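Read through the structures below before going on.
Here chain A shows up in two complexes: once beside chain B, once beside chain C.
And then the complex of A and B:
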């Protein structure tokens, strides 16, 4: 009980001490909380995107086949479907025609996608993803919300035209608009049937952009992918597992922007450590000498410094982490959006669900608070061993 | 009032704010779970391989079906110049 009262008194003194130097203490806390905010915001944003990708893209095509020439993807002949007939275990091969359409007026890039949805898994339920309207018939297209806002101004216009490569116009009717809940997949998409996409891109009748392969037994995906790669050596075979693996690492710490964040944080910590370790100010020296003269022990001074460090780092951590959550959840990670989205004209609202897990919180704690406390050990010890008569000298 | 008490009360207030945010987080997760079925069905029905985030460059719009070399393919000696390229790490794994 005495020990608790003693600790409480030391904490009181340490808080009073921080308050006496409130501008310096506040400055340290603001910078410290800023570093934590930056790191936590980045981690929450990237983890939220990774989680979303992992969850949604578990339903990506099992195998995608793309033809390669001179290191670039090019259209794949439909006759490749027949070559694959010898591989047992393939349930369906669906040709797709997709590509990008640049709207010169707005500078936006659209993703145009043509395929027969009824040959795809769950394709017969695709109507549920369309807000108003139905699956596209001939000369019709279903628009993502972003494309709808651009081409029809979000209004009632149902007819629009796109340029073919020879600059002749191809006219479409709006068959429907994808629901806003699917924005993270369809915001920039124009979905139409295969023939219309072929016509729009002026693709020969015997060609497609790629082939989607559905496999009867999901356990055989890798084996079948290897057989396809052996049978069609001029193709790239991308499995669902590879797609998911891409998104596990694509938002990682190794990206350039993350490196900058990390380096900024490290630089801030170096400044902290340098400030803490560069010696005691005359005021601090005088304060400790007086404490020792009135009976404080070395261990008491160490405890005092410990509680000061804990107070500063706890408040900074809680404030920084809370602000990071608010930034990602309520402001859609607005600080990172300009970098994440770049010059994109069309970009969906990022309805991110920040990842708040104990492991990740501890990781940020270890990356920030622990180094700070470690950086204060030597100065605390140097302060604690000051001779009692130091101030008199 | 003792400084430690003021400090504890302040921490308590912060904890209250964080508790409210935690409740908001749970509600957000439930909403996301409600939309998940629709998103999975859309991905399967359209055979989608990527999230629609950055639409400025094909390699950030569809990184899963893009080679790591693509950002430098515009012409010999080309530099990667799209801003979003700095946010996205190089896709890993063999193609």
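And then the complex of A and C:
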């Protein structure tokens, strides 16, 4: 057991030795911090996106029913609602119409969402997402920030028109604009009345895109979903929990894929670090043999090298991790967002909120610092076994 | 499910540990075949140098193994957000038959490498390296445990199935939506608590006497009781104490206490009981070192220190783990 005073002396010596070789040390630290920055940015962006998605999904309906035909989704007849009346525990079934509207002038796809906010539980809470204005009445629509900016062209237009499939014009007035905080979901959204959406897409009167089911007791969601699936065999029944897990899975998969790509950068860095640590200059050989002459043991030199490695890793980790935090929170992870979020024309201007958690930090530490420390053991040992008499040669 | 950062980090970490130990084992084999302390040949000097490398490698490997243990539990918590039916780390560890064995192997690996480092410290305390061959045989025995850890972990990750909405009928495939329940069934609370606190008191008293006079038979007994107490306390944490921490009578999870939601109190709980048991057991294991090797003084000093550390950590552990329980039972909750 080495005493604390002895360890402190070795740490002191290792810091001064790093400072003496500051350009060599700085080179390693800059590259290392860069690698940590890349990996940490990815991890933080993934975590922030998943958190944002699950915060928003907390208000999604517990169960969504979609009609499937030949493996594709198609409109669902409203009469399916009656078939479900036998299932106890369902609080409400709300039909929903949604689809994409292609704006030829800008090349952007808008998401059109039509539902009756007054007929569904928590529907009135939709109003909280609206920045200015109110829930849409007949021939009105609430616009996402991106849609508003494009349709109004920077002005303050209130009336605007969209094309029906037969190219006739349908006119709306603007009832309000969604809040910027909900941008991840609403940036490209037009929210309107059920009848207006049906008119815009020319859907038959007894059809909707899907049915949203609200369940009174959250413990019954899975059972009710199974009953629905049994009653309506031509439908796909999706629970909120599944959507959440899918989001998590997809973001996790993408970030894992990116991590694999970044592992090549890590491998390159490890080779660089190994090389730097192995290439002993004549001065370094001399230094170690002089240390041996004045009484240092092989184990002391190994401890010295350990503390040097820990210092380099700590500094690089703090710098890389801080830069990643700044990159994600102030620059909205602009380097990687397209990879994780998709590449639609209308990019939501997201405010990502990175969270620093013990688990995430340990994860980045294991992916970066552990390989570095492991790669420097053998070079450190090679240096430590230099015999005392080699300075005399 | 290898394609996410957690699986990658776990696999990387385990591979690094395995490679480090494999290099150390290479030295071990060379030493066992041709170690000759009387010789001053180049080969012998090279071997002596290599023994330094092998011990450094094992020390790093132990550090990484402990990190891998913590990361594995945290990863299990992350996986519970992705796989079907899992509510927390218990659910994802129970998602296939390799989860719990991997955790146990990781714990075993960390304990064994710790014992090896103590053996190494005894060995280098004498200039004659009296335990050299024994410690390298022990090192070779460590390799299969770590290899089993890597294999088991790889099988666990490979058999994890993320819950992705399928293109046809999502619910039918998303079976097992119910909570996967708890790791252990009902245990008689009163009896378990009596054993838990009784053994703790016994260990504290034994620690007090052993520190003054480390007697061989008592040390062995103490080590055995520590082994028993480690098992008892893990069961007690899972079935009794955890639900007081969560303030939920039906949530018996030994892993969620690590989460920041509960002030990461689990880190303190496991950070005391595991090292305490480690030192308690290693004080007993140190008794196998024969007196004739001439390092009895070093061994005794270590045993006294180990008994002191394990007793101090035991007191801290009992205080921390009982905090929520006492608060609820005797002071009417938070």
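In this text, the second predicted complex is superposed on the first by the 320 of 393 C-alpha atoms of A that agree within 3 Å, B and C clash if a C-alpha of one lies under 4 Å from a C-alpha of the other, contacts with A are read in each partner's own complex, and residues count from 1 in each chain.
Criterion: a contact is a pair of C-beta atoms (placed from the backbone, for glycine too) under 8 Å apart; a residue touches a chain by one contact, two chains touch by 3 or more.
Bear in mind the structure is a predicted one, so any value in this text is a computation, not a measurement.
Contact with chain C, but none with chain B, is seen for A:358 once the two complexes are overlaid on the shared chain. In the superposition on chain A, A:256 makes contact with both chain B and chain C.
Touch criterion met: A:71 reaches chain B and chain C at once. Within the superposed three-chain arrangement, the count of touched residues of chain A is higher for B, of the candidates chain B and chain C. Once the two complexes are laid over each other on the shared chain, residue contacts for A:311 go to chain B alone; chain C is not touched. With both structures placed on the common chain, the touch criterion links A:381 to chain C but leaves chain B unconnected. In the superposition on chain A, contact is made by A:373 with chain C only, not with chain B.
By the touch criterion defined above, A:238 reaches both chain B and chain C. Of the two partner chains, chain B is the only one touched by A:57; chain C is not.
Within the superposed three-chain model, A:184 lies in touch with chain B and out of touch with chain C [touch as defined at top].
Common to the chain B and chain C contact sets on chain A are residues 71, 236, 238, 242-243, 245-246, 249-250, 252-253, 255-257.
Partner chain C is touched in their complex by these residues of chain A: 1, 42-43, 46, 68, 71, 221-222, 225-226, 228-229, 235-239, 241-246, 248-250, 252-253, 255-257, 259-260, 263, 298-299, 302, 357-359, 362-363, 365-367, 370-371, 373-374, 377-378, 380-381, 384-385. Within the complex formed with chain A, the residues of chain C that make contact are 2-10, 12-13, 16, 19-20, 23, 49, 52-53, 56-57, 60, 64, 67-68, 70-71, 74, 77-78, 81-84, 121, 124, 162-165, 167-172, 174, 177-178, 260, 264. In the complex of the two chains, the chain B residues touching chain A come out as 2-4, 6-7, 11, 14, 17-18, 21-22, 24-25, 28-29, 32, 35-36, 38-58, 60-61, 63-65, 67, 69, 73, 82-93, 95.
Chain A makes touch with chain B in their complex at residues 8, 11-12, 15-16, 19, 49, 52-53, 55-61, 64, 66, 71-72, 94, 96, 100, 108-109, 111, 113, 115, 117, 120-126, 128-129, 144, 178-179, 181-189, 191, 210, 212, 236, 238, 242-243, 245-247, 249-258, 311, 314-315, 318-319, 322, 325-326, 329, 336, 338-348, 350-351, 353-354, 356.
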